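Each chain carries a letter (A, B, C, D and E) given by its place in the written order, and its residues are counted from 1.
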């Protein structure tokens, strides 16, 4: 077992655990924290894969921005740990679980049925990414600018609390 | 790197529209929040029309910027449809916004302009990333637009439903795309298409999973069964002009990319997915029309009708993918946008004048209250039902022809039977308008200029295309849609 | 003879005039009709004179084309229809005259005359037809007129129902006729008599087919001429005004069946079976009708059964190759039966529109002309020498004997006896004895209408008696046209140019036998109803069951109702229920299924965001799974 | 790289399905939105893994994942904005309470107020 | 082009409808007279057409073809023309419509719309009879649905909504089946003729299927399927058991004028389509399924008559009688003989007049008695003798009294069925006999109805009824006159039809 594999296993375990806890825990604040852990672990995976730039962006955006955003969202809606009454939809839960698990099964079947060649590995760089962004994917880049503008306007309009 | 060597003039319409959208936003920003600003709406319409003219002027020669931005007849026609559609939506919104002052006008218009831009990018892209960005511009703007009446329970509820389900759909699309990228190392649809036969032979299951994930995600946007569940609630809750937008521009743009992706990327394995699309088309037509039968609310009814219409548009895709089938789809799209927008503008009018109710009974005796609107609505509904001398009929007839020509008789039969079933609910509305007496307290309907204009334009389009379809068909037949 | 087409046209014009201007003319309508018929009569006489010794004249025009075939219409004057023209126009003219008085109280007299005009037109058209299709057309039209005239007093439920019954029952026969003539057409390729004769004689029509055609055509005659088993409508048809009964249901229309068999005679001759059936039908009808006539108490019904019986005679004659005999009897019968009916009409008017013979009696002294002419008629029908009936009936008996068999002959003979008996039963009960109507004036059980001039019966005016007299003269003399002594002139006239074989002629003893039988019948009637030496109830008491059976007309009406009408209606109801329940039920079920399934699908839209998600995802998985399984991706 | 790519792919699939499960069953809307983020993250794992050690490894995957991150952020922002608006209107972020728009909710406010 | 009388025929009612739209709704009398005038002009045009029609010539006359639109290699044309089959039906349409417009002068409710819809309906009906392009044919066929839906739905009786929707969906389904079949027919032929272009022209397709390339190339099973589908489509319109259940509802609920048109013309479109398209394009299949068609025809006759026999509603009785009479059409067609075909067409025309008259009479009586229940009537001869007289005349016409048009068609159909070639219709005689027996039932229900309505003792409550008004004489006399005219001298009609019929039947080779 190589170090890479060990790192992978650790990070994967953290990510999966974080994800599961996000879904399964009761207190809302714990959930957001576990989400942050999962995001961290994922960025670790990026580093493992040699995609440092993406890893850093991951930490900045997800762990930094989005998690905080969710904390804000949590704070602005429910301050205390709310407890929902018993979920009346047991069958719904079951069907949701079955759906997810069977989809997982399908995906794993698909993944395992692939016979992918093991390549040496490609190490990207921020420069390469920048060149692509301002080169081939320029249209998409401009597009994402508009996307963010639209999202910004939309989010402000919808969330804004009028003075009155 | 092709970065700055490409023929950027191809993007002129998009660039102009982007600039104008920002201009609209800026002007709105500078003119305060609470005033009535009808000029913003007019400016938006003007922007869209200018862009449309630019599309007409600049685009016909065609060309491309890498694989990320294509200018071909397909893109051009879809862009025109989108621009005209959004312009009409804005036109019908002007009255609506005057009556609903809690909606921020400037933001509303500029976001609509952004969606137009996004949709334009979406339909003229042959690259997964660009395409996805365009799609997300439309989607995220739509989520916000659906919730724009933020003090309204229905509107926000519609919005949250839309964003949760829409976000999930996006995740599915991306998940599918990620496999596609991983197995080909490219996001260009041309290259993916070129590699597809070999790829499919090697990774059958994964390719199909990715294909179906994408189909499901796009299918969410066009509201095909079983990914249609959001549509009725969102259509019902969203502000009516936004519903019109979702039912037309958003849906058709999504059809645009379905066609693009499946034509360029998956044509070589057509046999593997055509029957799935056919089955889904059949189920979509059946479910949409059947549920619509029991609806008592016009907006919900239009939602289910829209689901059914999506099924009709899927039929050509399921039958054969060639120039001809695209002609058929585009013709139907033109017809669809005309009749649906016309119908929605009248629904806007009537519901706004009936205390914001959208029950079927608000249409009672519309003929007495406003004959022109009633007749126009009747023609739109007849067109949706596919009755003669309307654009909808020609569109459907084309689809039949195609389906039967492509040995999909069973699909054609399902289509025609469900169309007949649809008579029931479309004529239910007509019955309300013409046969029922108006409610005693129903006010005289005053038709604002914007709605009048939308109705007149769409009515003219619906009838003209119904009687002289060759105006468009001859033009379309000459196109080689995809370069 | 080119002008023969005018003969039916005159009454048609009268009909049209009365249709449009009848309300203005009111009682004067009668004169329009009379004038028209008079003209028709004159032309008929001219046509006859021209025809005697002349040739058949035919005129046709194209009526309808299909493919290469043309159907034609037109008219022709043959020996047979020349004779018929005279009969029809004479009787019709006299009935027109008679009705002037008989109907004058009815404010719808113009309608009555217009119907009469229409009838005369139709009947004359029927007679003049050069092809069987045209005959059929007019055949139906006379049926219509019969319907209209029987139902003339539409407000009487019995009249309305009788009219319907008459039309329907004859229609059953017509259907047979229609099939027959269509089959004939498909064999021959033409409806024209001449072509049919030629085809049949050349053996162009195969044997079973010709029998079938003959029988089907005969079915038409059975309906129209009220032969057993379709005779049930005729007695009921007596609900119509009496002149109508005289014209339509005695002299002309009902004889059309006989005429039909006459004109189609070559076809019948080609089939032995058909002839046999015809003969037996005639004989049985004659017998059965006569038995029922024995017990009827309604004056018109007695005459109606008598008519059926006499028609049976004619059919019997035709069935036993007595072509001339049958048609001869047709003619004589037309005169004396019309006479009898008109006489009955005269009586009915005199006794204030009552028809039950038990309330009559003793009219001999009160209405001389009527009584005498009625007696002449009765003698004629009984077959007393030298009245018309004697000659024709004798010929019928002859043909039954010579070409038929003992059974037919016996039946005919018994019938002849009964004929004489019931006629004279009628005569004696009506005209002799005491008037029994006076004292039960107050309970006008079956009387019709309110009579404002109660009182003793008395003779009617000239409008009514003149026709009686004329008919009486004809009833006496009509037989002379076929006197054996001068070589059967009528026979020569009728059979000229036709290949009908030898006509049977009876020997002298047969004449005497027939005379004796008739006399016997009269004597028995005399004994029972005049002299009273045998109780009136003698036979009724002897065989009450038979009496009851006869009174109830063999329960045939009831039988038909039970066997045909009720089941049909029941089947109709069943189908209706089935239509509503199953056929339409399926339609509604599909509709309900659609909306129910729509509602069921719609249930998934419960407003729950995550339900939507689950449905979508699960649906997607199912799609994927099915696709994978179908395409075999799973291995 | 000694870790086979399929490990990463499986991990991504697992996270994707956990996210999906969260979206489908969790009642707290914030968690639902977070689950969507998780799904998008699993996409990124795929992309970056393919980009690094996939059969056709190149930089495009990383560019793609950047766009995905952008989109995810925008979506999170708009989603939370809507969530807040909803909370203001209804005082609840329980998913199952937001069911006013269903078919058989005839009682549903058929008004747009 | 502008000289084409057929085009004028389609355009005139449309222009009339548009003109009426411009008149304010208060001027009801202007609207009425304009509608009447329009229909009269159409009638005159159709009579001119009748006069100009060349009886001796086979094939289409007044033929006109304009390119309309192309779809891929599929050419849809605006193609019109008339032959001996359509000319009588065109005349029938204009006549019945004119009379129904006159008959509806009494309508006071939403007058303007009523006439607009009626004239649109007239356009549609005329369009069906002149269209020679299958696409166009279908367009007009569908166009008739909408006005009729409104006519029933707005001016109908108590159950009008149910009836109008049932009419719409049911006959709509028929049109749908028809449309699919049209396209299948076209595609099959086009595939054979590929790469030569092929249009939707009925004429061209007829040629292709009877003597052209498609004759042999398209398989028997396919052709059989197409024929049966077409038959079903038209059977719904005609209507044929078991697809008839929309008809009684629609008829009973429809206003008088609509019933007249519905029974008088709309049903005829089914028969017309069956002959023009079904028989015309696939005569061999018509022969193959002759027994089926004949059996259905016989069932229609008997079943309709039996149901009519037990109806309690006079209008329903007439409605079922329509079903019964349409059986004759099937019978005639099934015989595949000139006579039978002639009879079928005759029946279409004749039943058009007769049923319109009957429905008019029922309507006129209903407007007075306020009831359609047979048992509540009676003695109408006393209170309204003229109406009763016409009613009786109509009933007589309906039961096939010679001298009226119904007889001729029945006779022809029977000549046809009894003369049907044995190899095509082995059971011809049996079926013919059963069918002929059906006319006894016809007589039974009509006479029974007459006995219970017009005959019988006068009823107190009907004492003060007004007899026929002058305006009512127009449709009564007019329709009866046409009935009698055809009945007395059918040559005027057969002359027009004959060449076409010969042409049609000759395709089957005998």
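Note that a residue touches a chain if its C-beta (ideal position, glycine included) is under 8 Å from a C-beta of that chain, and two chains touch if they have at least 3 such contacts.
Keep in mind it's a predicted model, so treat the numbers as computed, not measured.
If you check the contacts of chain A and chain D, which chains show up for both?
Of all the chains present, those in contact with both chain A and chain D are B, C.
Farthest from chain C by Cα centre, which chain is it? Let me know.
The chain farthest from chain C, judged by C-alpha centres, is A.
Pick the pair with more C-beta contacts: B-C or C-D?
Result: the pair with more contacts is B-C.
By CA centroids, point me to the most central chain in this structure.
It is chain E that sits nearest the middle.
Report the inter-chain centroid distance for chain C and chain E in whole angstrom, where each centroid is the mean of the CA atoms.
36
For chain A and chain B, let me know how many angstrom lie between their CA-based centres, rounded off.
The answer is 30 Å.
If you average the CA atoms of chain B and of chain D, how far apart do the two points sit, in angstrom?
24
Measuring from the mean C-alpha position of chain A to the mean C-alpha position of chain C, what distance in angstrom results?
Distance between chain centres, rounded to whole Å: 101 Å.
Check each residue of chain A and list the ones that touch at least two other chains.
As it turns out, chain A has residues touching two or more other chains at 89, 92, 96, 99-100, 103, 106-107, 109, 111, 114, 137, 140, 144, 147, 150-151, 154-156, 158.
Where in chain D do residues touch at least two different other chains?
In chain D, 16, 19-20, 23-25, 29, 33, 49, 54-55, 57-58, 60, 63, 67, 71, 74-75, 78, 81-83, 85, 88, 96, 98, 100-103, 108 touch at least two other chains.
For chain C, jot down the residues that touch at least 2 other chains.
602, 605, 607-611, 613-614, 617-618, 624 - these are the residues of chain C that touch more than one other chain.
According to the definition already given, which pairs of chains are in contact?
Per the contact definition above, the touching pairs are A-B, A-C, A-D, B-C, B-D, B-E, C-D, C-E.
If you look only at chain D, which of its residues touch chain A in the complex?
1-11, 13-22, 24-31, 33-35, 37-38, 41, 44-45, 48-49, 51-55, 57-60, 62-63, 65-67, 69-78, 80-85, 87-88, 93-94, 96
Quick check on the complex: what are the chain C residues that touch chain B?
For chain C paired with chain B, touching residues are 594-595, 597-599, 601-602, 604-605, 607, 609, 611-613, 615-616, 618-620, 622-624, 627-628, 630-631, 633.
Mind listing the chain A positions that touch chain B in their complex?
Those in contact with chain B are residues 106-107, 109-111, 113-115, 131, 134-140, 142-144, 146-147, 149-151, 153-158.
Considering only the defined contacts, which chain B positions touch chain E in the complex?
324, 327-328, 382, 387-389, 393-394, 397-398, 400-401, 404-405, 409, 412-413, 416-417, 419-421, 423-424, 427, 431, 434-435, 468-470, 473-474, 477
In their complex, what parts of chain B are in touch with chain D?
Contacts found on chain B: 128-129, 132-133, 136, 140, 143-144, 147, 149-161, 163-164, 167-168, 170-171, 174-175, 177-179, 181-187, 232-233, 236-237, 239-240, 291, 294-297, 300, 351, 355-359.
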